[in-house]
Structures are given as C-alpha cells and as structure tokens.
Amino acid sequence: MPKVPGLVKGLGVTMGTLFRTAKNGADTVQYPHAKEAPPVRARGVIALREDNCTACMLCARSCPDWCIYIEGHKQLAPPRRAGGKPRQVNHLDRFDIDYALCMYCGICVEVCPFDALFWSPEYEYSEPRIADLLHDKDKLGEWMETVPEAPELEAGAEKKK
Amino acid sequence: MSSMLAADVNVAQNVGFYIIAAIMVFGALRVVSGRNVVHTALWLVVVLGGVAAQYLLAAAEFVAISQVMVYIGAVMVLFLFGIMLTRATIGEESDLNNKNWSIGIPVSLLLAGTLVWVIVDQYRGEVLASPDEPMSTTAISDVFLREGLVPFLALSFVLLAAAIGAIVLARKD
Amino acid sequence: MMSIALEIPYWGQSLLRVLGGIGAVLLPAGTIVYLFLFKMMSFMQSRLGPMEAGPYGSMQLLAEVGKWLQKEDIIPENADAKIYKLAPVIVLVSTFLLVVVVPFGPDALFTDFSAGVFYALAIGSVSVIGILVAGWSSANKYSLLGGLRAAGQLIAYELPMVLAVVGVVIQAGSMNLQQIVVAQNSGSIFGWDGVGFPFVLTQFVGFLIFMIAVQAELTQVPFDMPIAESELVSGYMTEYSGFRFLIFFIGEFATAGVFAFIASVLFLGGWGIPFSWFGWESLDAVDGWMNIVGPVIMLTKMLVLTGIIMWVRFSYPRFREDQLQKFAWKVLIPLSLANIAVTAILKVAI
Amino acid sequence: MTMLSERQQMSYIAAQAADARLNVELETEGMTLNIGPQHPATHGTLRIIARLDGEQVVWAEPSAGYMHRGYEKLTEVRTFPQVTALINRIDWLGSFANEVPFILAAEQLMDIEAPPRAQHIRTILFELSRIANVSLFLGDLGVQMGAVTPVFMAFRDREYVLNLIEGATGGRFHPNFDRIGGLKDDLPKGWLDETRQVMKKLRNFCDEIEDLLFGNEIFQSRTRGIGVIPADVARQYGLSGANLRASGVDWDLRRDQSLPLAYDKVDFRVWTHPDGDSWARCWIRLQEVREATKIVDQLIETLPPGPVMTKVPRIIKVPEGEAWVSTEKPLCEIGYYVFS
Amino acid sequence: MLGATLSSGWFLENAWLIPLIPAIGFVFIILFGKKMPQNGSEIGIVSIGISLAISIGATFQWIDRVNSASGGSDYASGGFFGAFRAIFPTAADGGYGASFVEPVVRSWTWWQSGGLEFGLGQHIDGLAIMLLLLVTFISFLVQIYSTEYVSGDRRYTHFFASLTLFSAGMLVMVLAENMLQLILGWEIMGLCSFMLIGHWWEEEANSRAALKAFFTVRVGDVGLLVGTAIIFFGANDWAVEHGSNGFSIRGISAWALSGEASQSVLFWGGVALFIASIGKSGQFPLHTWLPDAMAGPTPVSSLLHSSTMVVAGVFLVARLYPVFFVGFDILDTTVNFITIIGGITIIVAAALAFVQDDIKKVLAYSTVSQLGYMMLGLGVGAWLPAVFHIFTHAFFKCALFLGAGSISHSGSHHSFDMKKDMGGLAKKMPITAATWMVSTAALCGIPFFSGFFSKDEIIDNASHNGYQFFYYVALVGAFMTPAYMTRATYLTFFGKPRGAAAGEHHDEGHDDAHGAAHADHDDHHDDAHDDHGAHDDHGAHHGPHESPWRITAPLIVLSILAIGSGYLNAPAFGTHYFTDWVEPVGVEVALDDEYGHSSGEEESAGIVFAAVQAGDEEYDGKAKGCGFADPSEGTVCYAPKLSHAVFSWSKAMPSIILVFAGILFSAWVCMGIYGDRRNPFAGLTSKFAPARWIHTLLVNKYYLDHLYEKVIVFAFAHPIARAAYWVNQNILDAIVNNVGRGGRRTGEWVYRNVDQRVVDGAVNASGLAASEGGHALQPVQSGKVNQYGALLFGAATVGAIVLILVNI
Amino acid sequence: MYAVNFLILAAVLFSIGVFGVIARRNAVMVLMSIELILNSVNLNLIAFAMMNNSPEGHVFALYVIAVAAAEVGVGLAMVLMIYRNRRSIALDELSVMKG
C-alpha cells in the first residue's frame, strides 16, 4: 500500500474531528448552561462543622502556608448531664481561611481530630477582589451542606477503621 | 489662450492630471528634501503611484499596471529593505544632505528652465487625442515578440545578470 | 453593464459600486471569520466555539469589533506615529483595490481591465509595503523582524503566484478576468461541454501552486512566520491594538476572500455556470439573472477555497524561515516554470 | 565599582566576539533580541539573549533561574506532610510523580515499606501523571511550531486523565495523595473501569498526534537533524530521561532500579531512538505515553487486594539520617536527597 | 536513377526522437531517479536503449534509401524488413559516383525574429546516421557497464543523469539541422563533460581536471561562436536567396561550394571553427585537458574521450567539410592548417604516450594521436577514411578504456598505475586480456583488424592526394602507435605481478599502502581513493579476478566489433558498404524553382531537391565538379567531389612493416627496461643523457601545462591584474593630478632645456599655466558621486543651452 | 489633453531627481532620486506614444522599468556591501576615487 503523505493524513485527522464533533457534540461543556459534576473526592473548598471544632489549633499549625486563623476563648458550657459540673470548653470566636493563600493540600482536614473540617466539591466561590476570599466560619459552615458522603471503595480495598 | 478651450480637450481628464501632477511634484520635493529616510521612501511610493495614475490617463493601462507591480510591489520593497537593513533610525536625521547641496539648486533650476523652455517652444498647443480605448496588451505583446524580441531576450539576460550580480555582491562569503 | 447603466443614474451607479465594493470585501471577510475561524476551527478541536452572541454565536464578530473599537488605541512612545497609523490603511486599501477587477456576473463587475489578472497580482503586492512599514514603525524588534519576514515571504511567493497564473493566461488567451471566466464556461472537455472547461482540470499544478502561494501571501499557517505567535509574538502586529489591529484583522480575512475569489475565477470558472446548460453562445447571450446568481456562485466557490485555506491553517505546523524561502525558490518557482513550459507546448501543439 | 562575576565576564567576552564577527562579515545590521522571560515560547522560565544576523542566530546566551522557588529553604521549616504538599508544586504537570520519590526516601529513612496495593496504585498514578504531563507536551509542541489543533486535542484528552486523578485523589493538579507508609485512601468504586476507557482514548490520541503532527512533513523538516546530541555527548552532559534515550542510550530507571514500586510486575518496553535529534526526543515521548497506557492497563488487571497503609505512628518522626531516591519522572530523572 | 523516389520511413522521419528520449530520460532520472529500484540507472539504460532501437531502424531505412537512390529499387518499398535484405546487397551496385542521396531534413521554427527563423530540426545523412548509431550503441554499452562500475557510488543517480544528458547532447549535435542547434548540443556536452569528469569532485585534482577540461574547451568554443557568426554573415544573404538561411548546414554547405563565397570569409570562418575542433578534439596545443580528464570515472572516459565528445570536433569539420575544403584549399595545396595540426598531434601525442605510467593516460594520449589521424585525414581530403576511422576507433578505443576500467575494478584495486599495481594480469583476467589484445591490435593497425582498414586508408590517401610529407608523418605515427601500445600491454598483462595486482594491498592497513602507491604520482588524477564508495560493496575481493558480466559483456561485444567493423569498408576485400552508405556524393543538384514545399508532406528546411542531375563526370577525381569548379546555373553542390585511393597491398606494405617493427622493437625494449636487467636498454634514461632529456621533456608533457599555467596565466593574469591595479592607482585615480604634475614637469623640462636656451618668458608662462591648471582641476576629482553628478548635469545643461542658442 | 502637460511634468520630475542626485548624502536616497529620473523619462515615452498612437513607446517604457528593477537590485546590493565594509552609506565619505 502506498504511503499516504503525512500532510494528507493531518488534514484527515482535523476533518475527522470536525465531523465527529458535529455528530457527537463537543467534548467541552457550555459552562454556565451546563456544569460538570466534580468527583466526590474533589477538593473544592473546605467546609467547617463548627460544633465539632474545639479550637485546638492543630489545623492552623499544620497548615503549610498558615492561612487558617483561629481565635477562641475558654468558657463554661452547660453540663452534659443535668446537674453535672459545667464543662470548660473552647469556644470558637473566629475561624477564617484565606483562600487566596490556601493551596488545597488537605492537611488540615486530615489532621483534624474532631471531624470538624470537610472537603466540599463546591467550586463557584470566586470573588472580584482578592481580599474577599477570606471566608469566615459562617461561610464555611454554609458549605457543609454540599459535603457529599464518602464514596464506596474499589473491590479489594480494606475498610478503614 | 483660445486653444485651451479646444473642444477635444477633456476637462475631467485635465483636472485629474493637474491634481495628480501637483501631488507628484509635492511628493518628489519631499523625496529630495525629507529628513527621514523611510518617509522619503513612502513619498517616493506616492510619486510612483502618481506616475502609474498618469499612465492610466494616457491610456497606457499595461504600463501602469507594470509600474505598480515592479515599482511599488518590488522596487520600493527592496528600497525599504535596503533602508531597514542599513540601520534606519526612527525620527529625523539631520545629515541627509550633502555639503554641496547648494550646487544642486541652481543646476536643477537651470535644467528645469531649459527643459520647460524647449518643450513649450516645441510642443505648445499640441493636443493629444484621447484614444478611444487603452493601448491593447495585444499590440504591446506583438511589438515585444516581433521587432523587440532580441532586445527582450537581451533584457532578460540583463535581469539574470543583475540577479546573479546582486546575489554575489550581497552574499556574505 | 449596459442594463444597469441605462436604468440607474451615474451617482447611483457610483454609490452602488462603492457599496458593492465594501460589501464584496467585508461580507466575505465576516463570513470567513465566523464560518472558519470561529466555527470550523472549533469543531476541528472538538469544541463548539462562540455560542453566546446571537444564534450559534453568529454575532460574535460584531461583538469582537465592538470590543476592539472601544479599546485604547496605543501608539508606542518611540514609534513613528504617522507611518504607524498609515500602515494598516495601506493594507486594507490594497484589498479594496484588489476586489475591483473581480467579475461577479456578466455585468456585475466594477471595472473591466483588459489586463485584469496582471492588475490583481500587481495590487496584491502593494500590501507588502504596508506590512513592512508597520513592522518598522512600531519601534519593536519583533515587529521589525516580522515585517522583514513578511516582505521577504510575500516577494518570494509573489513569483510562483504570477507564474502559476501565466498557465491560465496562456490557456485562456486573455488576461481579462471576464474573458477567462467565459473561456472556462464556454469550453468543452473532449467535445463534452456538460461542465464547461474549468482550468483546474488542466492547470491542476498551477492551481496547486497558486493556492500554496495564496496561503503564503495571506501569511497563514504553514507560512505564518511573519506573525508567528510563539516566535515573534504576532510579528508586525505586535504593537497594534484596538481599531488598528481590527483593520489588520479584517484585511487579513478580506484578502483571503479576495484571493479566493480570484482563484475561483482563474481556476474554477468564476461566476459562470456552463453556458451549454442554457444554450448561451457567448457572453452577450448570458441572461441578466446571472447578475444575481453569479455572485452567489462566486461566494460558494470562495467559501470552498477559503475553507481549504483555513483547513490547512488549522492542521499544519509552520515552516522555518529558511525552509519557507527554499520551498519558494527551489520547488515552487521551478515547478511553475515547468508548468508554463508544458502549457505553452501543449497550447501550441494542440 | 561593581565586580563582575567570572560568568558575566565570560559572557561579555563572548558578546564582544560576536560583535566583532558581525562587524567583519556583516550582511545586515545585527540585532540583539531578548527572548523571554515574558515571551510566549518561554513561559516565564527562561531568558535567551540572542544576537541575530538577519534570520540567523549567531550567538545566544540562555539565562535560567527564573523558576527557582527555593524549595530547599522552604522545606527546612516544615514537617514531612507539609513538605509533601509543597513538593507537589515542583512540576505542575506531573505532580504525583513528584511525591513518590520523596515519600520513598522518607520511608527509606524510617525503614518501612508501603503495602503492595499501595505500591500498585502509586505506580498507576505515577504513570497517569506521566501521561498527563507528556501528552500536554506533545500538544504544546505543535503550538510552538504554529499548529493550533494538537494542543486542543492534548488538552481534551489530558482532561480525562486529570479527571481520573481527581477522582482518586481529590486534587486535579496537586494530589497530595501519598503518605509515608502508603496512600491516603483507596481508590473509589468504578475508577478502574473508567481508567480502562480513558487509556483507550489516550491511545487513540497518540495515533491522532502521530498522524497530525509527527507524520507531518513540515514538522519532520523542522525537527529532524536539529539539535543532535550524540550518545557520548549526552552521557557526558548527564542527560537523563527521554532525552538520553533519544540519543540511543538504553537507560531507564523504572527498569534498571529496584524501588518499592510495581514496575517489576509489568512488561513494558523502553524505547530508544538512534538519531538523538529533536524529532527523536519528541518521538520517544510519544512512545512513552503509549507505553504508559499499557503499563496502566496491566497494573489495573493485577491490582492486589489489601490495605493501602502500613502501620505508622500518628506523629511522624523521621529518624536522623540521609537518603537518596531517584525515579524516572515524566520529564527526566528526578532524585530527592532527604536529610533529616 | 534520375528522379528515383527516395525511400524513407518512420524511423528516418522521426529521428529527432533519438536525442529527445534521453533528454526526457534525464529529466526523469533527476526527478524520480532516487526513488527507482535501481536508482535511476534503468531509466538511462531504457531511454538510451530506445534511442538505440530507433537508430538501428533509421540506419536500416537509410541504407534502404541509399540503395533506392542508386537503383536498388528492389528494396525501395521494402520498408523495414526490406531494409534487412538491403544491408548487404549482392554487389556494389551503386558504386562510386552514385547519385546524390538527399538527406532527410525536417525542421520546426523555434523562434523568429526580424524575418530570420531559427529552427530546430534534424539533418539525417550518412554521417549523422553513422554517428547516431555509434553514439547510442556505445552509450548503451557504457551505461550497462557503469551499473557495475560505479555501483554504490554516492552520486550514482546523478552520474546516470549526466551520462544520459551527455548522450542527448551529442545526439542533438549530430542531428543538428543548423549551426545553432549544433552549438546547443555542443554546449550541453561541454557542461555534462564537466559534471562527469568532476564526478568525484571532492578530490581537488578531479575538480581541477574538470575545470581544466571545461575551460580549455571553452577556449575552443569561442572559436565556434566566432566561426558560426562569420559563416552566418557570409552565407546568410546567399542562403536566403536560395531558400535557406545562414545557420542551416545545408545552406552553408551549398554556399561554400557555390563559388560565390568569399575565400577570406571561408578561411577565417574555417580557422575559427577549426579552433573549436582543436579544443573539443584535443588537438595539439589544446590537447592537455584530455589526459587530465581521465580523472573522471572510467566509463566516462570511455564514453567521452574515445567515441563521442572528442570526435565532436572531428564531426564538426566533417559536417561543414565544404567550408574547410574551399577555405583551406584542400587538395590544391600540399599543406594546410588542418594537416599541420593533425600531423603535429599524431607525433606529439604518441610520443607522450610512451612515458605515461597511468594506463588511462596512455589511452588518452593514444586517443589524441588517433584524433590527429582523423584530422589529418580530413585535412588531406580523405573525408571518408577519416569518418570511417571515427567509426572503427570508437569500438576499439571504447573497448580499451572499458578494459582499463575492468582492470582497475577487479585487477588492481582501483589503481591505474601500470608500473606499481599491474603486471601479469593476463592469466588472472583472461577475458579482459583477450579483448584488450584484440582492441590493441585494431588500434595498432595490424592487418585484418578494423583499425588497419581505416588508418591505412588515411595514410594511403595522404599520399594519393599529394600530401607526401604528411604521408611520412602518418607512417611515423603508425610506427609509434604499436610501440606504445605494446609497452602498455606488456606492463599490464605480462611480466611479474606488482603491487595491487599481486594482492599486496590486502595486507593490514591497505589505506596506507594505497596512499603510498599514490604518493609519488605526479598528478593524482585517478579515482582510486574516491572509488572506495564503489568498492565497499564487494568486500569479498581477494586479489585480481575477472570482472562480473556487466563489465565483460560490453568488452566482448566491442572487441568483436573491433575486428568486424573494418570489413564494412575493406577495399582489400572489395567491400565498400560504408562508402556507399555514408559518403555524400559530390554532384550538382538542381534547385527547385520555388523553394516551396513541393516535395511531399515533409517540411523542408528550405532548399528542396526536385531532381537529381546526373553525376555525369567520369570518376577520376580532381578535374571538375563540386569543389573544383562552380556549380552550373540553377544547381548547387552539397559536398566536394573527392577521390579515393585505390587499395593495393603493395602500398599498404610500408605501414604494415612499420607496425610489426614497432611491436617487436617495443617488446624488446620493454622486456629490457621492465624485465631483464641485462638488456642494453635497461636504465637507458639514467645512463644516456639525451634520452634522459627527452624523457624529462615527455614526462613534463613538453612543458605545455607549464606554459599555460605558469607562463601564460602568470604572464597575462598577474601582469594584467597588476597593470590594472597600477593603472588604477597611478592613472585613473589621479589622472588630473598627473595632468597637473605632468604639466608641471613639462614646464620644468621646457624651462630647463628649451626655455633656458631659446625663449624665456613665453614658455615659462605656459608651464606655469599647465601646472596651475592641474592644481585648479584637482578638486574636481573629489571622488564624490554627488559632485560628479552635479558636474555632469550642470555641464549637460550648459551644453544644451549653448546648442539651443546656436540653433535658434 | 496637451502634450505639454506630460512633458513639463516629466521635466520637473527630472529636475527634482537631478537635485536629489546632487544633494543627497545617503546612497539609498540617491538611488531613489535616480528612480525619479527614470520615471520622468517613462512619462515622456508614454506621452510620445500617445502622440503617435503607437505601442513602441509603451514597450520602451517597459524596458526601462525592467532595467530600473535590475539597477535597483544591483545598486542596493552594492549599498549593502558598502555598508558592510564601512558601516556607513554616506556618499561623501566614499571618496576612495579621490584624485
């Protein structure tokens, strides 16, 4: 079989793609009209369950670029059982994450011993000004709603303890 | 003066001629007096374009097109090339003129005067008949390929020699 | 020409011509940009292209024009401002001058030069000056390099283009574009005149050379060294912004359209349909409705040809500068000379 | 008075010499052109001062160092998990491949080894990041030469790979998935099937690129015989990775080195090319993408069950010592010298 | 016989295809050669083969035509197959003085200017047919040979392309209908010879040889152009009047013999054209390029330098023989330019052949010498023997060259040095040796070999036509030829194997041995080193062996022809086919009144033959007829009437004796010098001073190259350059200076000598005026263009004004 | 149209060109002035051709155009060479031929 010149083959590839796109539609997604669902594990934004947080500062310390700001004070909480001694708990005053600095490494989520931090796949939170990317705990709390369930694992995996 | 109103003088053609001629003369003066090399080259383009337009007025269509093709398309590009390759600075240069440019004015004025005098003396009042249609390419090609064949071939050799010569001159090694 | 001339006053004719000229330049340019630059390229890259402005993004070009018009008109500080402003105009004007020889119908033409082909090629070379001074006056080394490359390239590919056309001229026996159209539509292939005699059949080599040269004249890939984005950062257009960039942009695509018009006239039979279909004997016998249908046919052929140009543009990488020059001087020009020789011999022999 | 470094003096002398040469046999006005770091072809990483004679570069000085980000210093004050997050950023296009050797070095220091399933998944992700990296290179190669379409195809098909990586690790560009002693998590369900589909797509992509770009005569004329590095020169200059293999040296750390990765479980070919020119280097990379897809396919079929994490203390305490681990990254050989 | 319709045929009518096909083949080789399975050589071979086939067809049809003219009307309508029967007619039915056979002429207008048409066309007569057949045949064999010889070469395809184009050029020239076409073919050949000789240009000696060949031939080409111009301006008026033009070969021939031509125009035109022949055919003063051109590959040598290119010069003289015949008064005088040159060439070249160590150079000088024979033959009026010698010489010289190539290819490991690398090869290479022997015998003119018949005819006719002195010159040549050929044969095939022939170089490091073998070559022209490319592919080469069939087959064919071709015209055996077929008969031909196209469909170049007037003279030679008297009214001649010496063995005896004497003497001397040390001739050149001088002179080729390169070039180029520089520096640059200074000096001189003695004041003033004038003018010569421009235009304007004012 | 028109225009252009040749210092600009002169000659040729209604003038004008192209080619090559050797194309510095 005679060799087809590369120039012709190249034209063939582009034209083939053209017809494929016309037939099957594009591989792109028309973004504001249609959205791709991010994977369950996608590290979109960090959500905070404030109730669980004890302001232990583990996350703030382990953050590689120190973008988590936590302030808290000790206060007495009502006793767990009626009549008990009032407990001393750390109350969270401020939990801010500066998403302009965050590098989405996920260490904070991992180190949190109280399951207060979660990854949400939510990604539409851009701001016109960079300073507006500093989100406080209310905002972080809102994202808790978008946190999905942990996915099932592939066959052969051992369940985590 | 009465001859100015001769019936076969086409007014529109004359007006066109004068406008173009004025532009050409102005352009030509800019060419020889301008202070920026690239600007003068562009003025030369204007003059050459004007010449082409005059050819059209003179019903010399083919020559006009050749003028555009050779001069504007090739020669001027070469000029611009040459200028840019020999360090054309942006902005004005003061020393574009010679020391003895003052000789040039009387010489050229004298020349112009003489020529105009002779021309007016000889051809005053002679009217060029407006041809009905432009000089046909066929007629020109007939001259080229019959009487003018040998000069045509000679010219092609000249061009070849010029091309080779230019390459030899401009080559680096 | 006659029928129009009788019915419309002179100023009306003039106006029609000006409008027609602008239309003949801008309409194809816009069509090409939308159809090929926006849509075909996108589809070739498995995406959809602009979809928001207008249905299927058809108004995108207007939006872009609006965007460019409102952008700041930046002139670099060291630039030669006068020439910098003049350069894009030269390019666009040469395109407008180019379109006037193209016949769009038996009477629908702007002017009827007897040496129309020659005129087209001559005017086509004028834009070189615009590009060259654009590069020079920008006071930018990339621009200057781009301008010089463009000039060298346009000159180098002007030659094969002219030489490729010579074959057609020999075959048609005329340099008049209208005559060339007539020669193709009234001819016959071995006595069969069903499709006329488009010169692309006999002048296929010439057609190929012509299209390659057009590709290079338009500085489209694979001959886009002058505006190579990854090397010269758009070359001579580097410093241009806003309105002046728009002129260059329109000029580029308008010239593509006009060259495709000329190519379709030279090789594909132009506006005509084979005269035998309607029993026309000569140009005079052609019906008036061809003045309306002719431009449409032309537009179709033009779109096919520009489609090929753009298709190549979106598929190929570019040459290196020396390869480009070598290709012109060592391949195309000898080939086109051989084409001329063969055509001349066949013309005399047959 | 400013003191010139020796290197600056040398470059000054070279510039003078180039000027002198231009003056002697100059055809045109010489031009000194600065390419980069803002030039589109250099991506902010490199600056080349070139001296041109017409279209010809007669002298050039590359000036590197724009990408130096001071990792060494940054890592001095961070813990091992934090460093892992930073290490991701060394090569943005193949991040996972950055993590692996570092983690391996740390494991070496701690004298632990990840379980086999983790090793397998590491290898899969490692090869996926190779695909993501090199396929973009292949498309971008076209853009640098003026071909606009290949890069879109590359982006299109790289997207599938990135989706895979994101699906498994959560991070598209910076997975940060590797942990000392294993992986952060196991693969999600359905991932393996999807991977199989994507590998098919990528093989198709390789064919397309081969037709569109590599088979193109213009592309070949621009790359063949350009920048030839003979095998001995390549060895002397210490080239590594695909560049070395393009010079005909059969050297691949994946095969020639035994690390706790799953490369010894798969059958793959190490491609070499005798030419050593630009084309050979591109071609080698194309073949490696193909090869990587095959490796991934094989690994998926042989994925062993089991845990993905060994027992490690909660607070990682790396014992004092030093370790050097190098692997065959997408671009070249990368090695980490870890000193604890 | 009168008005007998001449037969013609497709092949004759379309003989123009013969050069065209190789030319097209050339284009194809260039375009597609490298992609072909055999790298393009098959295209060359096929195209030459087709040409050969057409040539053969044309030859048969020409023979048919000749026979039909001379009454063999039996064959006239026989067509192609009839021609077969016509090849060897029963007896010489045409005989001498047969009727004129009209050449087959066709021409097409190429271009036209000022009423002058320049045509391309074919002019087929016996001479052209003979050479067409010869060239295509030899080219065909050489191409086959080359496929083996240069196989594996880096520029294999280009080699075949050049070879094919070269053949096409020669064929164009042979066919040429007019002088311009002849020049075209001539120049194509010149160009191709340059490419072929310099085929291995990487070695400087080769490119120098190519350049030398090119430039030397170019010197002659100036003569060709000048001669063509002279002849054109002399002939055109007459020719146009008779329906042709001054470029047409027939027009020129007819004009030269018409008696209306100016003798001086013919003489100078002839001189100029003969200078072209000298250059191309390597005659005496310009022969030096030919041996150097042996630097080319051997097939090239055999094609260019034995049978085609170098005979182009001879062909030119033969083609325009009327011009030379009348211009040089051939047969009327006992000495003329052609004979002088031819005679000198025979002796000089033969002497040089004695001292060459390089086998190809021996052959080259032998070629030069043989070309001298051909020229001599033409000069003494022996047109036919000279042409016949071209024919026979082509076969045996080609065989010799190819044999030399075969030896170097398979016997001496790409060396051509007879003393170093050959000897005793007869046993190792029997076929090559046998063919070599046969060809040598033919070259030497041993009876019953072809060379004898042609060479002896020349010698005989020299005497017959009254050129007694050159008869002896030719006899001396006849002695020298076998002598040097015997030497070469001895050195190559007999004695002890030496050098490469003994297989030495295959010891370790054969490159070193190789280098040593060539270190003391006086000029490194041979292609041994460069041939390694070709050599690499037969690495299993152990010592001398016989060459493969693609080399031996042409050798065998050629050596058979080296014997057989002579019998085409062997008066000793009463055959004179060649004479009948080739010689144009000198008879007056009636002109058609209207130079129109009355003779059928073929478009003629102008002069049309309507009827043939009987060649009514008795065949006795000189007294009357074409070339000796003006043709009568209304008739023209196309060829001078020549007589042939009648062969007799007694007249041939001197040359036969000399040939054998030469062989024996040479063999004796050779065995002495190269074999047996006790022989009296051993060490002759070292013992005996005059011999040493002669040897030195010969080794240095009479110092001709020194003359050209050192003396002429040096004397001209350097002094001219220096003079130009000097003029530039001292005259042009400072012309006004010198005017001033000269004026002042004049003034001073006058002041001192005249003024002091004669008139004081007046002269003093004039001297001063000159001096001051010079000074005043000096600034004008500023060297600035602008200023010159100002002066030019200013002066022109002033001059114009003055003119106008005067004329008002 | 009057013949004088063309002829006078040509004469004026010619004189301007002559001034350019005399006055300009830059070799390229001298070449440009020469182009002016050549074009004025061409104008004359065309005018006379129109006067005689014959194509010869056109043919000569075309010859002139072709020769001018050759002249520019060689001229600019020389300018480039001068520039290469002397780093300047000022004509009054080129006085090697000074007497």
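By written order: A, B, C, D, E and F. Residues from 1 in each chain.
Note that contacts are C-beta pairs under 8 Å (C-beta built on N, C-alpha and C of every residue); 3 or more make two chains touch, one makes a residue touch a chain.
Being a predicted model, the structure only gives us computed values, none of them experimental.
A.B. asks: By label order, what chains touch chain E and chain F together?
C.D. replies: B
A.B. asks: Going by C-alpha centres, which chain would you call the most central?
C.D. replies: Answer for the innermost chain: C.
A.B. asks: Go through C-D and A-C and name the pair with more C-beta contacts between its chains.
C.D. replies: C-D
A.B. asks: By mean C-alpha coordinates, which chain is most distant from chain A?
C.D. replies: Farthest by centroid: E.
A.B. asks: Centre to centre, by mean C-alpha position, how many angstrom separate chain D and chain E?
C.D. replies: 69
A.B. asks: Just curious, how far off is chain B from chain A if you go by their C-alpha centres, in Å?
C.D. replies: 74
A.B. asks: Roughly how far is chain D from chain F, going centre to centre by Cα mean, in whole Å?
C.D. replies: The separation of the two C-alpha centroids amounts to 62 Å.
A.B. asks: Go ahead and note the Å separation of the Cα centroids belonging to chain A and chain E.
C.D. replies: For chain A versus chain E, the centre distance works out to 93 Å.
A.B. asks: Two or more other chains in contact with one residue: find those residues in chain B.
C.D. replies: Answer for chain B, listing residues that touch two or more other chains: 62, 66, 74, 81, 84-86, 98, 100, 103-104, 107-108, 111, 170.
A.B. asks: What are the residue numbers in chain F that touch two or more other chains?
C.D. replies: 18, 21-25, 80, 91-92, in rising order.
A.B. asks: Could you tell me which residues belong to chain D and also touch two or more other chains?
C.D. replies: Where chain D meets two or more other chains at a single residue, that happens at 25, 27-28, 149, 153, 156, 212-213, 216, 218-219.
A.B. asks: What does chain B use to touch chain E in their complex?
C.D. replies: That would be residues 98, 100, 103-104, 107-108, 110-111, 114, 117-118, 146-147, 149-150 of chain B.
A.B. asks: Taking the touch rule as given, give the residues of chain A at its contact with chain C in the complex, in rising order.
C.D. replies: 7, 10-11, 13-15, 17-18, 20-22, 26-28, 30
A.B. asks: For a test of understanding, state which residues of chain C touch chain A in their complex under the given definition.
C.D. replies: Touch residues, chain C against chain A: 40, 42-48, 51, 311-312, 314-316.
A.B. asks: Can you tell me which positions in chain E touch chain F when the two form their complex?
C.D. replies: 732-737, 778, 780-787, 789-790, 793
A.B. asks: Could you please specify the touching residues of chain D with respect to chain C in the complex?
C.D. replies: 31, 33, 39-41, 52, 55, 142-149, 152-153, 156, 212-213, 216, 218-219, 221-222
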